[in-house]
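Letters A, B, C, D and E name the chains as they come in the text, with residue numbers starting at 1 for each one.
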Amino acid sequence: MASAIFNDPKTPLVEIRNLIKHFGHVIALNGIDIKVHAGEVLCLLGDNGAGKSTLIKTLSGVHQPTSGELLVRGKPVSFNSPRDALDAGIATVYQDLAMIPLMSITRNFFMGREPVKSKLGFKYIDIKHANEVTHDEMKKIGIDIRDPEQAVGTLSGGERQCVAIARAVYFGAQVLILDEPTSALGVAQTSMVLKYINLVRGKGLGVIFITHNVRHAYAVGDQFTILNRGKTLGTFQKSEITTEELQNLMAGGKELQALSDELQGTV
Amino acid sequence: MASAIFNDPKTPLVEIRNLIKHFGHVIALNGIDIKVHAGEVLCLLGDNGAGKSTLIKTLSGVHQPTSGELLVRGKPVSFNSPRDALDAGIATVYQDLAMIPLMSITRNFFMGREPVKSKLGFKYIDIKHANEVTHDEMKKIGIDIRDPEQAVGTLSGGERQCVAIARAVYFGAQVLILDEPTSALGVAQTSMVLKYINLVRGKGLGVIFITHNVRHAYAVGDQFTILNRGKTLGTFQKSEITTEELQNLMAGGKELQALSDELQGTV
Amino acid sequence: TTKTPTIIMVTHGQASDPFWSIVKNGAVQAGKDMHVKVQYRAPETFDMVEMSHLIESAINQNPAGIIVSDPDPEALGPAIRKAVAAGIPVISINSGMKAAKKLGIRLHVGQDPFIAGKAVGERLKKLGRKDVICVNQEVGNVSLDQRCHGVAVGFGKKVEVLPTNTDPSETESKIRAVLSSKPAIDTIVGLNASLGGEPAVAAVDSMGLQNKVEVVSFDLSAGFLKDIVQGKALFAVDQQPFLQGYLPVSFLALNYRYKTLPAGNVLTGPSFITKKDAARVIQLSARGIR
Amino acid sequence: MNSSTSTKIENKTEPNTQVKQRPPQQPESDERLKKVSLMTTLIRRPELGAIAGLVLVVIFFIIFANPAMFTLSGIMNVMAPAAQLGILAIGAALLMIGGEFDLSLGSMVAFAGLIFGTALVVLHLPLSLALLVTFACAIAFGTLNAQIVLRTGLPSFIVTLAFLFILRGLTLVGLKIASGGSTQLRGIRGAAGDSFLTHIFSGNAFTGLFSWAARHGWIAKFPNGTPTVTGVPVEILWFIGLAIVATWILLRTQFGNWIFAAGGDPKAARNSGVPVNRVKTILFITVALCATLVAVLTVMDVGSTDARRGFQKEFEAIIAAVIGGCLLTGGYGSAIGAFFGSIIFGMVMIGLSYTNIDQDWYLVFLGGMLLLAVIFNNVVRKRVTGER
Amino acid sequence: MNSSTSTKIENKTEPNTQVKQRPPQQPESDERLKKVSLMTTLIRRPELGAIAGLVLVVIFFIIFANPAMFTLSGIMNVMAPAAQLGILAIGAALLMIGGEFDLSLGSMVAFAGLIFGTALVVLHLPLSLALLVTFACAIAFGTLNAQIVLRTGLPSFIVTLAFLFILRGLTLVGLKIASGGSTQLRGIRGAAGDSFLTHIFSGNAFTGLFSWAARHGWIAKFPNGTPTVTGVPVEILWFIGLAIVATWILLRTQFGNWIFAAGGDPKAARNSGVPVNRVKTILFITVALCATLVAVLTVMDVGSTDARRGFQKEFEAIIAAVIGGCLLTGGYGSAIGAFFGSIIFGMVMIGLSYTNIDQDWYLVFLGGMLLLAVIFNNVVRKRVTGER
């Protein structure tokens, strides 16, 4: 499991400076700055298409920035592949999950980081151990899978998301990035994930947590950065802001409030 | 747009009796009964992997039931393809979206129901009209797309979900099925969707709404059916139950409550 | 014995190849005439490895005789030796005459493609042709390559090989292309009458070069013979494939019954079919006999 | 970092005007888009990418080939085989976009040739009836292919591969029966007679125009006054016509949308109500019809058919479609791309014969040029679109 | 409908025991699973599906073929070509699972044959050095293939297709140079000499065992006393060995997992930290090495090489892999499936010569048997697994 390295708490674990990202003629990010310190949960909030996934994909080496700086523990870095980011201690749960439907749960779980055993000089995967770990980790997050050798493609949406989360968590590094991890989750699984975020924060890791649910964000977040159409609308400390203000800050927050009243429910 | 047919309000628009569905040796549904009347919103709640998606996929002709009965307006039917269900007036937003990444937004929007114009006996798609409709419908749901001819694959997760919802809504029939439509949506888009559900209910359509968010469910639902490991735990009228009870009924609901208190937030 | 003996023929030419289909027709006809069962086997492309497997499978069935074409004596040698060792009489046809004796083959029927090519080259030289191209529809098929090689040797000058395929219109286009970019060319040699010769005639015709460029071809086809009759083509080289099929089967049948075999090789070609005798064979050619 | 708050911004459709770098010039513009020229938009179309490859190949031949290649007769000479390949390639491209392969199409050319020839020469049917029988066979066979693929759920690659062998074999057997022992069936042109239909499927079009032009000395002619090119071979017209129709269907019709959908993700398409099976069946039939058309065109052209017609054309057709930008995985591509892909392939195939390069190098040259053309096409497209 | 409430049920891991139909027999069992027999579990493995096809083909030949086919020498006769194809098919299967094609592998057989032959016959290198040079060439070429595919982002189908032509062409040119004008290079067996290495790459293994068995009259022998089968051809041992190693790698090693990942979804694999490019490069090299191995085996066996060696073997290899259950789209398949696929294909290919069926029907027969074998395999698998 993750072993947190404690460095100067004033240097952010990860810092992004004036990040710009274009896709062809589409401007997805237009000058973004964020900082994540050790033991801190940064919540990224924002409308659909605001650029949250693009931002964290740039941070985890999937996309290369068009311009801007990326600093890990104060040192400028440039990631050419997700492998580089993983090696720098950044583990990510992608919104589109990075799962291979035809492969088994276990094989997906350990993809890229297979537990290798060696006998007579031959290295091979310790399948039994891997299956056990997978089953246990899934159970921890609240999913009792039938068979770890089952193809991921046959899992339900939420079960699949749990595999992705359990995987990132199991291999958790110094910075954990979660892109809408709770969106497809049931109530039980959601509470597990939030609990876990709280736990790793306690261990001194940095967490970037993307969600549309202000309540989830407020429950675990220390800071809140709001993205809108590729730009930051500002970063707020938890002490500076209430759930209601946060809700209002997000586009449509007021409408939802109004609707909630109108429908006599609490949305 | 949808023209609701008003039939005897006592006959359910859609009824499922003792539905069983196996995948090979996996038992996904093990005897399910539900009813949806005109002008009613049925919320399907339940844990990850409970069988919600399987249930509605059987209802919309994607899967054939292993055994059990399906009645539309009181008449037993059997759907061999999603086309049959569409023809019977059942429109569905699937959790896995049924979108084709390489095709443009407009083409995805109108897939299977292209607006055909005829000139000199040649029938062709009215692309200009289609683009306009797509742009407008997306705007209605709160997404200002750059270019309707853009490939769906380049959209963000939430934007993609909005295309699927806008599509089902635009072609909305008598029964609208929404499988976790709000999971990837921003606050603004979520409120749009909930508003819309309220609206179609008013028009006399039946709605089946799957969600993990009890608040969303309670805001628009008339009835709540809870699924657990392929079986129904019961169906409740809105009058019979409060949000808190509903939350508790769902697996992990209590944990979430406890967590929320522990973290001094309102999850 | 009352049991009808089986004779297996293994060649390197597909059953759909115009030349080899005539060989096969001859063999089948001989089988009927001599009251023996004939099996014709060939790999679907020029493939010596598979051909040696086919010979081995023939040996396993212990036939009254095996007939092989032998374009690569080194590759097929071991399999042929095995047949000989198993006591099965072997006759080679078409190619491999030189190696026959060494391998224990009893007799060769036909003509080496190289020798046939050389004869064509010499004849073209005698006719005073200046610049020759050789249209090869299956480059890499050693026996076809040897025909071109033979033409060059007999002609005594470099003969360019034009690689084409079995599509007649494509071949025609390529020939037109060569003719228009290299005006010096005055003779086209087709390695097969229908796949090379006929398209060449069509190309020459369409370019209005009838008086300048002559076309000759190996083997016969009804269309090409007609071209010869009409003076559009000069001659065809015949090695009587029907005989290459018919004779060895009848020899082996006789050998099976009466232990008789000719003492020397049988040459079936090359003979040149020109305007004066082309008309006679058109009908036979259309039926896959000539 | 601007961590100051600005609680005013609530309406997402109102852009943050203070920080905007490019003021909107018209109400429609969006600050999230860079401006691009019309040129770029054009070149971004997948079908036009193949043009870059074609340009490269043409430039190569202009430099290295005999100028005869780019005379009128040279161009017709290159275009005729390109057109025959192209008709197949367009069919193959449609089917590939629809997510399937038909490896039996080359054998279908031979088989259709046999049916057509037999109908005319052996059964002595009139041309119109012979055509009817041949095309009916194609429809039946396309349906068979589709049914087996759809019912068994086997990959079309393997099913049609089986038919590649089966049809080729049946052609050989049939030819031997029809011709009495030969692998070639002759005399078809004679049996076809001379009618309106003959001119649709063989010969040249616009002959009047060409001889008129020759009379005026605008195009080359033989000493006897007839033009060296007497007209446009009909296959070229068929080729161009088919490319236009297929492009229109793909881009502008409902069926076209269904083709993309069926190939892009058959499950998603089915869920959206696209009759995927019907679409695929029609596409298999279309390919069989294209193969039959090529069979009729070539048989009428050379007057005979043989057992090796259309040999390996299935691969050439797929190559042409892929050069033209079709994805092997389905769901993406264009008919006009296949059009240019066929011309590239046809030109490279014939072109070497116009150069002084030793013909032994033919295959090296063919492969090298193909590789260059697709790489160039790719590089140009990436440069222009800014993809990476 | 039970719309009565039951607020007790909160813990999802506690099953609703009242309505459960099958009480759990052991703590591990799950009411959401039907019980299946070990048999079913076995047959559900993709690799074992191909066995059904093989059984069908064997039954066919037992009925229709000369019994000589199933004697020891008949079986060796069938297995030898199957083994040569199979070595290629296993390489092709690994690459296909990894999401790429190599259409140049047939030409690579010819090219490697040329290099090997030239090294021995023209350059007079010792066998060990000639092998080294040949395999080094294969590694270099596999790397080249991979680099072009990965750097340009072009589909490997089209890149390796270009090399199909290029290598075939280079082989022709090279052979003409090496042999002085012919397209055939002879005398390789003689030049190879007789050493330890010779026996690894040619001839038969276990010859002692076989002649001992023949002496005891347990296996058939020629009149002169030598056994009709002198041993197991080495290619069969290579084939079996390779199938075992490849299966082990696929199912049990990290690299195997990466192959599936790279082919299943390269983007997802990359995002999870799998070095996709490295994996694909190694696979391209593996295929080139397999082709080279076949080249060496056949060249040592027959003693000569020519320009047509390995012609169309790339397609046969892909067919065998697909019969064995590999998906053309990558990410799924098995080496052991390719193993059985090759035997099916090899048996059908050579089997006709043991029957009385006319050679003209060969292709019809080949296609029909392939189709039957895959359909049968499919039907059996679906029946057993309950898929639909």
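What we mean here is this: a contact is a pair of C-beta atoms (placed from the backbone, for glycine too) under 8 Å apart; a residue touches a chain by one contact, two chains touch by 3 or more.
Nothing here was measured: the structure is a model prediction, and the numbers come from that model.
Trainee: Can you list every chain that touches chain B and also touches chain E?
Mentor: A, D
Trainee: Using C-alpha centres only, name the chain that sits farthest from chain B.
Mentor: The most distant chain relative to chain B turns out to be C.
Trainee: Could you tell me between which two chains the number of C-beta pairs in contact is largest?
Mentor: A-B
Trainee: On a CA-centroid basis, which chain has its centre farthest from chain D's?
Mentor: Max centre-to-centre separation from chain D belongs to A.
Trainee: Mind checking the centre-to-centre distance between chain A and chain C? Centres are C-alpha means, answer in whole Å.
Mentor: A distance of 72 Å separates the two centres.
Trainee: Calculate how many whole Å lie between the centre of chain C and the centre of chain D, each centre taken as the average of the chain's C-alpha atoms.
Mentor: 36
Trainee: Can you give the whole-Å distance between the Cα centres of chain B and chain D?
Mentor: 42
Trainee: What are the residue numbers in chain E that touch two or more other chains?
Mentor: Each of 12, 32-33, 168, 172, 327, 360, 362-363 in chain E touches at least two other chains.
Trainee: Touching at least two other chains at once: which residues of chain B meet that condition?
Mentor: 26, 47, 142, 146, 188, 251-253
Trainee: Find every residue in chain C that makes contact with two or more other chains and list them.
Mentor: Residues 15, 139 of chain C touch two or more partner chains.
Trainee: Tell me, which parts of chain A touch chain E in their complex?
Mentor: It comes out as residues 60, 62, 81-83, 86, 92, 94, 97-103, 107, 110-114, 116, 123-125, 127, 142, 144, 146-147, 188.
Trainee: Which of the residues in chain E end up touching chain C in this complex?
Mentor: Per the stated touch rule, the residues are 66, 68-69, 71, 73-74, 77, 80-81, 84, 168, 172, 181-184, 186-187, 189, 222-224, 228, 298, 301-304, 306-309, 311-312, 349-350, 352-354, 356, 358-360, 362-363.
Trainee: Under the stated contact criterion, what part of chain B meets chain A in this complex?
Mentor: 23, 26, 46-50, 52-54, 95-96, 142-143, 146, 154-159, 161-162, 180, 183-192, 194-195, 198, 212-216, 218-220, 243, 247, 250-253, 255-256, 259-260, 263, 265-267
Trainee: Quick one: which bits of chain D touch chain E in the complex? Just the residue numbers, please.
Mentor: Chain D residues touching chain E: 148, 152-155, 157-159, 161-170, 172-173, 176, 319, 322-323, 327-329, 360-368, 370-371, 374-375, 378-379.
Trainee: Once bound in the complex, which stretches of chain D touch chain B?
Mentor: Answer in residue numbers: 12-13, 30, 32-33, 248, 252-254, 256-258, 260-261, 264-265, 267-275, 327, 331-332.
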